[in-house]
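Written below as structure tokens is the structure these notes are about.
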């Protein structure tokens, strides 16, 4: 047995906090002492708020030893992390899970579909893809959001528009919104990609993933080339606690990113 | 500002008593026209809903009358039902009952002495404030209280509403080895209890007396706790003595089964609790009564501590009738209970069975035990299948209520004669006078033998 | 690791006493079967006298009763209310503690409690397999669990072959007993007959051999060896239950939408008992505690069960809300998806989940029913839902 | 593929597609134009070649509330196919709109005349309605809403 | 992080119809009481203190059930002055044993003649606090468990969700290593349908659980009640055991009514 022992969290300091939306903020972390091994896009960390607990958070940015996470305030732990200001410390474990396999998309049109906070784990993927344009076909980023105020990384996604087709839609427009209104799947008609050869990366609420992936398959996309990121409750993140099971998968280990081939049948069984 | 003339004092909610009560005082000139401990704790109708329950249930159900003295309720209920069914619990099972009861005495008395009553003597609002100046004394009290809880937890499963007491004994009895860790804790507690007597003996006590009949259980050869015969010591005025006298007076007894013939409850308009009187006279139960009636049977360390504390020699018949000094008597009783618990543990041999069978039969049974704040009597009538058809519970605070009001009247009267106390001063005086008796108001409101007709509510 | 092949020996009851003394003398805490609260439990024992000589058990779905045995055997009883995971993967473990320093830093200290050094006396072949399965879960993946690994590495296992299966046992159909598989330090087979009360012993490790060498013994005589073999063989024929002889992993995968899950859900109390008594169930939850000052925090983990509504909670609510889905999660994981996750079945056929289910739900009966339903209604892929 | 081939028209069988296309005339609608109003007579419809349209509902006291946006290839308007031929929503050009415009009366007449063509057109429009219905339902789920906002929790 | 002394949160303890046992649990935290008083300002706690600081309060612990018209008004006030309101114990979370009055028959009411019922103002029912005002957290038990009460308070101070599992007593029983009294002895036990929290003390003392923490969050009475019958309970016994300290808890109430209809 040569596997390393599960390790407790390491101390990281919040060096910046960017409010993104009314209930969402991005925090940038820097190791206080030693850094964790490097994270890949799509992987996640267990981030611990002192005395409150830890939750899985995908990396929404990777910059050397610095980790960026985007937190939505939906419970006690995320509320604690969401409320941290620069200078605070957190505990971090990781990296955990499968990442987005960007190299497998080489030579293909890219379709990135994000719903809500689902854009966070996709951001490092888009950054990586846009940093190496010749390797990929036409890049598309489709973003769905509840309201215009909930849109994440607006300046950055706007900037992506220079080198990618970026389409944004909201469920509930406000008076100032002049963009698209509707679910994110309706944007597929306006994306610029060849569905029969493209590689798709999807993250968002599960019904949105199901609808998007099903639509892509209908249009001829190979389910093996549709990567989806799934969510289940996680405690240990190392395959020991059993919480994140989805049928045969332990999502902390076999996920959170899985192919639609693996996910489809599992997501169709109610309460699996 | 003068306070002559007529005034009414109303303290909406009494603090540092268990349960919810208020105080109402009407003064005319130098006279107290009315002094009453008004209990507004809502009634909970235990006696009504005990009817129709199985005879095995009252120990658990009645313990919910009072979170402060659940063991007293459990054991009074057990004794009454065992009496009805003709079962006898003796030997080591009786000893274990006494042991868990000692735990409750230690815990409940210490709660009162340190957390509720002592702050009065130091001009503090609460124990936290007291701890600022008397940290060591408070910590000692908490340790002592913990020792009492440890006994209840070990024998009963938990400190409040223990689960292990049942008709005929216990669901499970401990091994000797399980009791052993308690010994060490109790030896420390014996030191703490001795210190506590010394500490409270040094408080400043007003002179006072009480001119009530005293009622307590008495048991040959032992300081009665979980069993005994009701025994009455006449009030000083019957012998032409002042209320402050320390002399013992003659006692008389009556059987537990005659309790209802002697102690009769009446409803009064100002209270959700009934008032009980003994043969038509005001009486007092609790530590002062027990000490007067059984003080000579306290363990030697407790007797010594009582003497050192200035209570005289109980073996010589010295009695304490100063309600303010009840805190000393409680502390002495804690020491006795700790010592008694140690004795019981040393002598313990696990009984062959955790309980004796108590088969149901038709009849009425009585049970009385000494709750920390006084005599608690239960009476149940069962049918042949063991269904409860009637339940009558007489808690100590109901019995003490007349005596408490008389104390209030006297105390206020004395202060009015002595000077011109402000309302705030009178309030403080009254609250102390009430706390002297550790009234358990939660207990005293369950026993209304009534159900409310909806149409009459509020009418 | 095995030194199987070294010749078996025979020890008597005195040898068993000596075994306990030797293991204790080597600094080990000996855990073995003993009678307590009307059951044969696993607890620390200090001498052979505490073993349940002459006590057997009557098992059925939802009932467990002790009974007297005339033969005075010590190990003629099947699985009790606990399993060895109580000691290797305890109900509650502190993983680490953390301090918030005055300058706002976070200092985490791993729990450095030295793992106890256990000797388990009386490990059934099914339970030996269960330990191997938990080994794979908690130490065989990308990360090892330090608490489990520490306890496991220090544990000395004395297996006892099964000669007295219960009515709820089905180790034969799971391929885990009644003869012992590998992984033991010592393996005993109890024989009581006209020739006396004795134990055939084999060493399975170097330490096992060295412990064995210290015991009063004689070389194994053919009669004892034969009697031991026969008893184990006979036990195989007396299994009270069996799993259907089909590929259970496939069966579970193909019956996710079966109606039988509704049937079992109508009976299931979702009380979680089956998971707690299961020797392989490993699920835990973490719990963060703080002291009153808020500057000291601890991370604990405790046993958890997929029957708990909170087990699958997401911010929006539990994923598996219906009892149907929770029982199905347990059974399909145990019998099916365990293969996908950890390369074997999660069930060893010990029957504890059947015995300790208050309403007597029988996983073998459920598997048979699923098999029948599948046969009656061939799978159509996803099925109705 | 052109937007017309890919969108609504693309879903029609080629023969019927060509027949429908014959009714089309190209129009350009400036950005900001109100194309039709809720309750108005649904006498035309469009297939968008480029640009975008927003469907909205009139809410007294505020700007029209956009409930959906349409783009390239999308069918703009289906109320013309069903009685009482009145618009259910309003529509506005979000940007300059290049579209194929159809006279609803003529198309309806052609559908009535040729049941096979009518069935094909009705089928195509129904598919569009079905997709929009599914999308609307998905939005009703309010998938990105904060957890607990629809569960009436007791937290005070 | 900052040297600025943090304001101590204000704690209030309130009492409605009850035995005082749950608030006593706070005073039973002998090891923690003085430490707690350093971390929080015990602003209102009548049983323990004459001092009475005005609201608003950061955390209110409420014991007892609503049984009088005045209670109905008082709890509204308490809710209004409390940032977080936590109910403690079976009375506050389920109406308590005094909710047995809810089952009393009107005829019986009228038959039982009482000297002066007009002295007493009381409601016909005993109801939990949550029936009157929104409650942030309900801590179960008759009485509440001391460790759980501390957990609720420390979790509040730390801003975390209290770790108070809502599963069955069986979870705790097995974790404690207690032999199941139903399976091994045939003793009726409410453990499988009862909310954990007590530490499974009754089975540990060889007794069946009697449900003093109320129903767990996942019960199956149609399957469970036949088990009680198998182990010797009749309809009356079943009704009685469900109608004790959490009688008005919806799951127990429904099961007991259903049983009564048999």
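The first chain written gets the first letter, and so on, giving A, B, C, D and E; residue counts start at 1 in each chain.
Note that a residue touches a chain if its C-beta (ideal position, glycine included) is under 8 Å from a C-beta of that chain, and two chains touch if they have at least 3 such contacts.
It should be emphasised that the depicted structure is a prediction, and the values quoted were computed from it without experimental measurement.
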Task: Please state, in steps, how far chain C lies from chain B along the shortest route of touching chains.
output: 2
Chain whose average C-alpha position is farthest from chain C's own: D
Task: Would you mind telling me which chain pair, A-E or A-D, is linked by more contacting C-beta pairs?
output: A-D
Task: Name the chain whose C-alpha centroid is farthest from the C-alpha centroid of chain E.
output: D
Statement: Nearest to the mean of all protein Cα atoms is the Cα centre of chain E
- request: Round to the nearest whole Å and give the separation of the Cα centres of chain A and chain B.
  value: 65
Query: With chain centres defined as C-alpha means, what is the inter-centre distance between chain D and chain E in Å?
result: 57
- prompt: Counting in whole Å, what is the centre-to-centre distance of chain B and chain D, each centre being its mean C-alpha position?
  reply: 82
- line: Among all residues of chain C, those touching at least two other chains are 104, 288, 290, 294, 297, 314-315
Message: Using the touch definition from the top, which residues of chain B touch two or more other chains?
response: none
Field: Multi-chain contact sites of chain D, meaning residues that touch two or more partners
entry: 147
- request: Over in the complex, which chain E residues touch chain C? Could you list them?
  value: 1, 32, 35-36, 38-39, 151, 153-155, 157-158, 160, 163, 165-168, 170-171, 174-180, 182-186, 191-193, 206, 217-220, 222-224, 227
Task: Quick one: which bits of chain C touch chain E in the complex? Just the residue numbers, please.
output: 36-39, 41, 62-65, 81-82, 86, 91-92, 103-104, 266-273, 276-277, 287-294, 297, 302-303, 305, 307-310, 323, 355-356, 358-359
Statement: Per the touch rule, the chain A residues reaching chain D in their complex are 23, 73-75, 115-117, 144-146, 150, 169, 171-173, 175, 177-183, 185-186, 189-190, 204-205, 207-208, 211
- prompt: Tell me, which parts of chain E touch chain B in their complex?
  reply: 15-25, 27-28, 30-31, 33-34, 37, 42, 45-52, 67-69, 71, 96-98, 100-101, 104, 106, 108-110, 112, 114-124, 126, 142-143, 145-146, 198, 201-202, 204-207, 210, 212, 237, 240, 244-245
Statement: chain A contacts chain E in the complex at 51-53, 75-77, 79-80, 87-88
